[in-house]
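Order of writing sets the chain letters: A, B, C and D. Residues in each chain are counted from 1.
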């Protein structure tokens, strides 16, 4: 199992009810697998998993990416700065 | 005869050796006529008359324009602000 | 040469000082700057017309700074004329008319891409830099969501 | 409506304050500003490469102000989205890195011509606004001459 840290921002933070979450995940888990896990375990996040942006170690990551150990991941909606 | 006031800027001011000149000119004098008069009477300005910009009452004026009484005219090179 | 060209990027809760930022990206060889500034609109007419009391900005700060650096690198890769670049996003609770974001690019001359570079910078910031805003108005609050989905490598 | 939109134009010997000018052309409906600033180059590489100790600016002030107003009117005629316009030229003896000119345009959104309007503004200022500069450098002084010949009605 790998330890990872999830950060939530904007609507995802509000739906998760927390800014950060530490998780243990299987060593071969992909971004898709994590999304499925979160959708299953956190009903408030289920709807958000369809359009969420995900980053691994501050770079955008996509469904097939395998999550490395000690990853800092973030989940957030499309950005709206400016 | 009409009274007019000539203002000189930049290279024209330096060649004229003055910032302003009051003149009396014939009532029907055009911008071209004024340029010819200045070229004849002020040798330092002769060369400048080929490329000078001329204004009458703060609007650009051209060779055929007849100079109105009490005109405020200015003579200067192409502008270079900024 | 370009390693001496200043690149400023920051997420701040302080006022954005245009004079100071422009001075910091002006070199002896600089003759032109194009600056984009974004302000909080109190009254929006396009789309769903509405009023805004304030915006509340939030950022994933370390990643936002890294992505601002990336936007600056992309600008330099596209317009080699660019000398200095400043990219600043103000966060927190910001009221109408307040400048919230600034992108400034300098170059020797104005006709070598400085306007296009600033335009590119603000467009990219709104695509890839992780910053969000919640709009609070007379009818409640709503998160503003962008539309861009970053691609691999962005 | 547009009669309430601020238009600032001035010839000044004072420092150009970008923060102040931006605030003056930011309305409640404003979300975007494009600002062009020109600075004195101490070192020019394009064309005849040379160094500049300072520039000495001179203006035909009342006509320059009228022509700045005309540039602002032309901008509004071309981009009806433009809300505020500021056009400022600093004159006198100005040293490298000093901002000498500013053109700023504001609008509700950044995609309605605000960049193009600012670019148009600085191009037109350099064509029709009666201001000149003499360049003083290690090899003596020289008046900078523009190339544009105004047409009737300009």
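A few notes on this one:
We take it that contacts are C-beta pairs under 8 Å (C-beta built on N, C-alpha and C of every residue); 3 or more make two chains touch, one makes a residue touch a chain.
This one's a predicted model, so the numbers in the text were calculated from it and none came from an experiment.
Number of steps on the shortest path from subunit B to subunit D, with steps defined by chain touch: 1. Common neighbours of subunit A and subunit D under the contact rule above are C. Comparing mean CA positions across the assembly, the chain most remote from subunit C is B.
The geometric centre of subunit C is 23 Å away from that of subunit D, both derived from CA atoms. Centroid to centroid, with C-alpha atoms defining each point, subunit A and subunit C lie 26 Å apart. For this pair, subunit B with subunit C, the centres built from the Cα atoms lie 49 Å apart. Remark: subunit A and subunit B have CA centroids separated by 74 Å (rounded to whole angstrom).
Residue positions of subunit D touching 2 or more other chains: 38, 122. Subunit A has no residue in contact with two or more other chains. Pairwise, the chains that touch each other are A-C, B-D, C-D. By the touch rule above, subunit A contacts subunit C in their complex via residues 7, 9-11, 13-14, 53, 55, 58, 60, 62, 74, 76-82. Against subunit B, in their complex, subunit D makes its touches with residues 38, 57-60, 62-64, 66, 89, 100-101, 122, 125-134, 143-152, 154.
In the complex of the two chains, the subunit C residues touching subunit D come out as 17-19, 22-23, 26-46, 96-97, 99, 106, 108-110, 115, 118-119, 122.
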